[in-house]
Amino acid sequence: MFYHDKRTQYKVRVEKPNPAFARMLQQAIGGIEGEMRVCMQYLFQAWNSRGPVKYRDMLLDTGTEEIAHIEMLATAVALNLEGAPLTVQEAAIQQDGVVGAVLGGMNPRAFLSGGLGALAVDAEGVPFSGAYVVSSGNILGDMYTNVAAESTGRVLATRLWELTDDPGMKDMLAFLIARDTMHQQQWLSVIEELGGHKALPIPNSFPQAKENQHFNYAFVSPNIDGTGTPEGRWTHGPSLDGKGEFKVLKAEPYGDEPKLGPPVPEGHAQKEQMTLTDSLIGNIKDTLG
Amino acid sequence: MFYHDKRTQYKVRVEKPNPAFARMLQQAIGGIEGEMRVCMQYLFQAWNSRGPVKYRDMLLDTGTEEIAHIEMLATAVALNLEGAPLTVQEAAIQQDGVVGAVLGGMNPRAFLSGGLGALAVDAEGVPFSGAYVVSSGNILGDMYTNVAAESTGRVLATRLWELTDDPGMKDMLAFLIARDTMHQQQWLSVIEELGGHKALPIPNSFPQAKENQHFNYAFVSPNIDGTGTPEGRWTHGPSLDGKGEFKVLKAEPYGDEPKLGPPVPEGHAQKEQMTLTDSLIGNIKDTLG
Amino acid sequence: MFYHDKRTQYKVRVEKPNPAFARMLQQAIGGIEGEMRVCMQYLFQAWNSRGPVKYRDMLLDTGTEEIAHIEMLATAVALNLEGAPLTVQEAAIQQDGVVGAVLGGMNPRAFLSGGLGALAVDAEGVPFSGAYVVSSGNILGDMYTNVAAESTGRVLATRLWELTDDPGMKDMLAFLIARDTMHQQQWLSVIEELGGHKALPIPNSFPQAKENQHFNYAFVSPNIDGTGTPEGRWTHGPSLDGKGEFKVLKAEPYGDEPKLGPPVPEGHAQKEQMTLTDSLIGNIKDTLG
Amino acid sequence: MFYHDKRTQYKVRVEKPNPAFARMLQQAIGGIEGEMRVCMQYLFQAWNSRGPVKYRDMLLDTGTEEIAHIEMLATAVALNLEGAPLTVQEAAIQQDGVVGAVLGGMNPRAFLSGGLGALAVDAEGVPFSGAYVVSSGNILGDMYTNVAAESTGRVLATRLWELTDDPGMKDMLAFLIARDTMHQQQWLSVIEELGGHKALPIPNSFPQAKENQHFNYAFVSPNIDGTGTPEGRWTHGPSLDGKGEFKVLKAEPYGDEPKLGPPVPEGHAQKEQMTLTDSLIGNIKDTLG
Amino acid sequence: MFYHDKRTQYKVRVEKPNPAFARMLQQAIGGIEGEMRVCMQYLFQAWNSRGPVKYRDMLLDTGTEEIAHIEMLATAVALNLEGAPLTVQEAAIQQDGVVGAVLGGMNPRAFLSGGLGALAVDAEGVPFSGAYVVSSGNILGDMYTNVAAESTGRVLATRLWELTDDPGMKDMLAFLIARDTMHQQQWLSVIEELGGHKALPIPNSFPQAKENQHFNYAFVSPNIDGTGTPEGRWTHGPSLDGKGEFKVLKAEPYGDEPKLGPPVPEGHAQKEQMTLTDSLIGNIKDTLG
Amino acid sequence: MFYHDKRTQYKVRVEKPNPAFARMLQQAIGGIEGEMRVCMQYLFQAWNSRGPVKYRDMLLDTGTEEIAHIEMLATAVALNLEGAPLTVQEAAIQQDGVVGAVLGGMNPRAFLSGGLGALAVDAEGVPFSGAYVVSSGNILGDMYTNVAAESTGRVLATRLWELTDDPGMKDMLAFLIARDTMHQQQWLSVIEELGGHKALPIPNSFPQAKENQHFNYAFVSPNIDGTGTPEGRWTHGPSLDGKGEFKVLKAEPYGDEPKLGPPVPEGHAQKEQMTLTDSLIGNIKDTLG
């Protein structure tokens, strides 16, 4: 279960409110790289956790920390919205070009639906989706998903850092960027503990002898312009997991042209799909002239 | 640009059609771990690729291969739907319990909207979403996202393999599982080429001195039940990137209680939110008795 | 900021796992009446709160409690999924009709995507949406939205209670139903404190003299079958807020037929939409014969 | 069944078209507080209505009126879009700053997809969702949901009223604001008729003795910063429904730490999740150094 | 504006309620081929209509009729849900196999969220989306979209007709199928009036001389397996609009390999994407061995 | 299966990058009229194709071509984003009004999530949805859906052509517009081959004698303002399919007022919905005064 403290995990100061920046911050709240996603993802992974309990506990710790990050960002959005221009009138825009520009850069629902507050949406106003929350039941599948989330999350936070010159916002983002650094380390540490590259492929509990042995360490190139694919770590030499040897295969079909049965009567395709009658043939011939 | 061959990349055979399995296969088409996602993800990453061109070419190769995987799965769905029971009548169900069970296990839109064909949806009928497609512009952020997709994707494929005993389907899945093995290797190989753990944190182009130095290698534990978090690779010792030393911090607030300004008049909050008038106080006192 | 205790707020026991019931419980996690919605709704309302601080504190308290409810339900889902049948084979279904029935009643992604765990989706597998989270900036607008959420939420919980006879699940639901009782009381208490019906209409800060005085206490009936609308509290007598007198108006148009301008050239409508040329008229005449 | 009159329910006049205001109006069409939602919500509640028929008739009346409100708003959007700048060229923007500002404030799909017409989306371009439509089968649950919709709906309408100084638009909005006033009254009147606070908790048909008696009138505070929650109507005294006495409980866990079973083999977790083998322990020890 | 009659447009009778059929009917309510879509589509097209007013009037007529079709279907769903089994208990299922089967075939939210009523969702429980509503501003673009909707809509209705043997439901569907027949005729009649094939291409107001003259009547085949594409009406002979001659082109690239600039510093790609430094080259060489 | 060539199908040149135009182009990538939709639609139709194989092959050809169109547009987006202003600071905006305007016109996620690259979203940032992909199993249903997609698609492309004066972009769009011309022709040619109007109604395999004979060629007018619907091709004369005679019917109800049963106890409606007790009547009387 959970408790709260009325204070925030880290200082949230805005010296000069900027509604266009409020919109940008929304991406870090409700976007696929945002804090609602990692918060729910770590908590669901903890709640569904089967296996060594220490990873469950760790996920609970960091999932709980992320609620505090949503709180900081929501507060930052509300503070950046203070003083936002509340007009769409041409007169106001002509008088002050910045009003128009800021207006264009604002998220209209921040005012219309939120009364100058944060919403559970991304920078485009697209609502957060529970589909972003991955909890696969395979701990390494989950850990790589978490590394991915923290990597794109830290990229986002550094871009936000570049967009603002407000000292309070830069300070808050420097904190969040630091946390993303650590969280990348955390999930990768679990991967190391559980074997690193030796734990591949994921899942390692599926007997690898059952997978197709011709294609499991082969780079397939369907390129046909004659210039090919330059070599890389993945084109030759031992595989990273030490279980195979990389090779390159030119793409080619191993299957046939698919043949589906005719439509069932109850599906009510066109009659012509069911039987190629003489009249259809005649009709097609007529049409072709 | 792109070309096609009418044959499939690998054999798609169904010996005993099973509409409930068709529904399961839809997860591998339109789900967040599915082939539409990786196909579009690798292609968008290629099209947006800035930097060394060889990674662009490799992404194009594998993105193109994934179109062929959607094709194989869609064909498998259509073949598994042949002979599906097309009734919801109790009489039929009472006569044959399997009819009812299969009916319950079917995706109704496979017949209603698809005429016994595949749709661009997952196993629950939720449409594929372009939001799943990540192309961040940071190559390692993208690569970890790709490893995550292929990890949860291979977990899904092995679960599908367990659910069926149709030899044709098992053979096709054994091929797809092998490809997921290789694709995990591929994206991890790029990470190795570009520095592996030494390339952390992602993005490595943000000057790390700008991030908060107190929190960037600290595990924060907001647990308060007194039993703490067991130690792990992430609680002490040098960090994976060799740039810090792990430590543990008990969670505590570094910020204050947030204070937002009063509502703006144009936002039409309740009057009582704007001024705590005497009458409100009286009213509240009355209500409290 | 937030803390956690590894124990749950209330006991979560499942005596006889039931995967079909796991699916039903998902509605209380990711549905529009579910706990993710109220959790996020109360927290966003708190974070955006402008006006008397005590309501902010109360929202934080209850928003934090709701995280613990998601946790209990996610745990209940995972426990109900233990022992679920993992096959779609006809043979198994023919052998045991219950297998087939349960299979039809299961959420396929619980296994395919979650490895027998909870997901951030509703009972149909539709992902939770941030669009459900309402935080309007008007405290009474928010409070009525909260009452609505707890009313449909308690209705859902009592339906779940009817669907199960597992003593552990009934006990857990009896706890959640009790909490919904209290939460209905809480939000209505705020409404009472702030004036009850006297605080209407919402928002009360908009000068009511500006609204159309002919229509603000009139029930409009667009019914034309001659049997009319039976009378009720809303058809005559003083209005609930004491500011008007109810009346009934037969629906009739006060506006004209709308007239839009012709299409702009850059919008590329069909030519015939832009000018009703002679040739069009001729063409139409020809077609009409 | 339904009929129409070509005239609108109320006058829709736009003296000075403003494409940025057209975008704002979209929130009142396709947003969660908008007219498509209340229209469909009242109609579905009517069509699903079980119990006293007069509420069904009333819902039909008002649901039908709301179609006319969508019509008015869609017309207003189309009229506001007339004369919108149709360029994204820098030259045009440099020549006339207002062009650029308006452009930034426009919804691009209004032109691209609608040819300067209204769409079934909100102010951010997010499509209307059927998930907003609540019809619970419990009449008070539905009525509170309707009050909530009309409350946030009227807040939205008053914000729109503030954003414009077009006399035609202000007049139309003054009409819609008046209708929201009445509709709040209507749904609250039904609640009064059916018992008001005495009808609580919702649903009142669930035997209240079955809910947990320790928690049903207790305010739970998970706050731990020592400053507590200020008292309110909900912390002591008789409950609003007269069936209990309010009290305050400090949050504490009544449950245990959850224990899930090990992963099933078919779910293909990592091997290390299934058995904590000696080699894993060795591996973890090595990694920890 | 709009009016209603309490009676339905056509009889809605259900002799033997069937909850699994209720789920199927939901596709005709909230699906992309369903009545909510065509209803809103015709009404938005009417409200946005620019050009000859008679098409506006006709769209209003048929859009209004479609509201009555949603009403009939919602009523049919509610009637089919009466008597649905309300348990997920194994005991009940073992006792009566049909209970289990029906349960599997039911939409769980029909009970959980709707109290045995219709919802604004499709047969999979996916909410209706405003994105389905097309109103392009080009009358022929709209008309073809309408023909498409009525074509897939009639296909759906005939499939529903096959799934049931309830005389009431078959009678209602026979009515709806007839209306779809007429509506296909209606929209095609508008196309005929406005020129039929001679009105192509859509939009016909774009000067066709501006489009690329080499590709506008050429069938492009990117097939490379040597078996080619069989000939059809579209491979040779005069084009349907009489403005060109069909031909076949083998697909080939007319463009170059795309070259994007390097990443901007503020975007924080990995350093290695910005400059291919010696150390990267060394690193890559090391990794490749 | 599929292959690729690193070159694009047609030249993609941008002389003067314009981030606001990049946003507009996104509609042609991820919008309902966009290339992701037609690409997936033609490919799923091909993969699900039952009946004459030549239409399958043709769909594969054009579906494959459309992948190349997504590629061209994604490349155009990335090129238009080069040099985009990366600030939301007022100072920068005051210095250069164009910066502000462009900023308002940009899609913020193009930078935040994409690092100045294309995303799988529309011009409003709404993600592409698999729900747009129609593959009905009825070939004419599919063909009319394809004509509709290419018609609204070409309308979109001509609007984009108007919005830009960049010669490279105009040239690329002139190519895409030409392809849309041909694709309209293609799908209409299939319709002609299969019978044109004589193949109506769709589906033609449903025995037309089963549909209601009173309503299948009748235009129904629910208009009540006395001005009626002007006559058109659809109001009298022989129907387009030659199988009926058009007529006009004034809308009137053929059904009764629906009567649903009382709520089931397990659904927990309010008590007052289940039995109209004396106390309720008394209560209502009291409330009405």
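Worth a mention:
Which chain is which? They are A, B, C, D, E and F, in the order written, and residues in each are numbered from 1.
Following the convention adopted for this analysis, contacts are C-beta pairs under 8 Å (C-beta built on N, C-alpha and C of every residue); 3 or more make two chains touch, one makes a residue touch a chain.
All values reported here derive from a predicted model rather than from experimental measurement.
Taking the definition of touch as given, a chain qualifies here only if it contacts chain A and chain D alike; those chains are B, C, E, F. Using the contact threshold fixed earlier, the set of chains in contact with both chain D and chain E is A, B, C, F. Residue-number overlap of contact pairs with A-D passes half for only one option from D-F, C-F or D-E: D-F. Think of chain A turning onto chain E: fitted on CA atoms, that turn is 180 degrees, to the nearest 5. With centres defined as mean CA coordinates, chain F is found 7 Å away from chain E.
The distance from the centre of chain A to the centre of chain C, each centre being the mean of the chain's C-alpha atoms, comes to 26 Å. Chain D has its Cα centroid 27 Å from the Cα centroid of chain B. The residues of chain F that reach two or more other chains are 1-9, 32-33, 47-48, 50, 57, 60-61, 64-65, 68, 75, 78, 86, 97, 100-101, 103-105, 111, 113, 115-116, 121, 124-127, 129, 131, 134, 136-138, 140, 152, 155, 158-159, 162-163, 189, 192-193, 202-203, 206, 222-225, 232-233, 251, 253, 255, 258, 260-261, 263, 266-269, 284, 287-288, listed in rising order.
Chain contact summary for the complex, chain B toward chain A: residues 3, 5-12, 32-33, 53-54, 57-58, 60-62, 64-65, 68, 72, 75, 78-79, 82, 86, 111, 115-116, 126, 129, 131-132, 134, 136-138, 140-141, 144-145, 147-148, 151-152, 154-155, 158, 161, 174-175, 177-182, 184-186, 188-190, 192-193, 197, 200-203, 206, 208, 210-224, 229-230, 232-234, 239-241, 246, 251, 253-258, 260-261, 263-264, 266-269. By the touch rule above, chain A contacts chain F in their complex via residues 16, 18, 20-21, 23-24, 27, 31-33, 97-98, 100-105, 122-126, 152, 155-156, 159-160, 162-165, 222-225, 227, 251, 253, 255, 258, 260-263, 265, 267-274, 276, 280, 283-284, 287-288. Contact residues of chain A toward chain C in the complex are 1-9, 30, 36, 40, 43-44, 47-48, 50, 57, 60-61, 64-65, 67-68, 70-71, 74-75, 78, 113-121, 127-138. Of all the residues in chain C, the ones that touch chain B in their complex are 1-7, 47-52, 86-90, 93-94, 97, 99-101, 103-105, 107-109, 111-113, 115, 121, 124-127, 137-140, 189, 192-195, 199, 202-206.
Taken together, the chain F residues at the contact with chain C in this complex read 155, 158-159, 162-163, 224-225, 231-233, 237, 253, 266-268, 284, 287-289.
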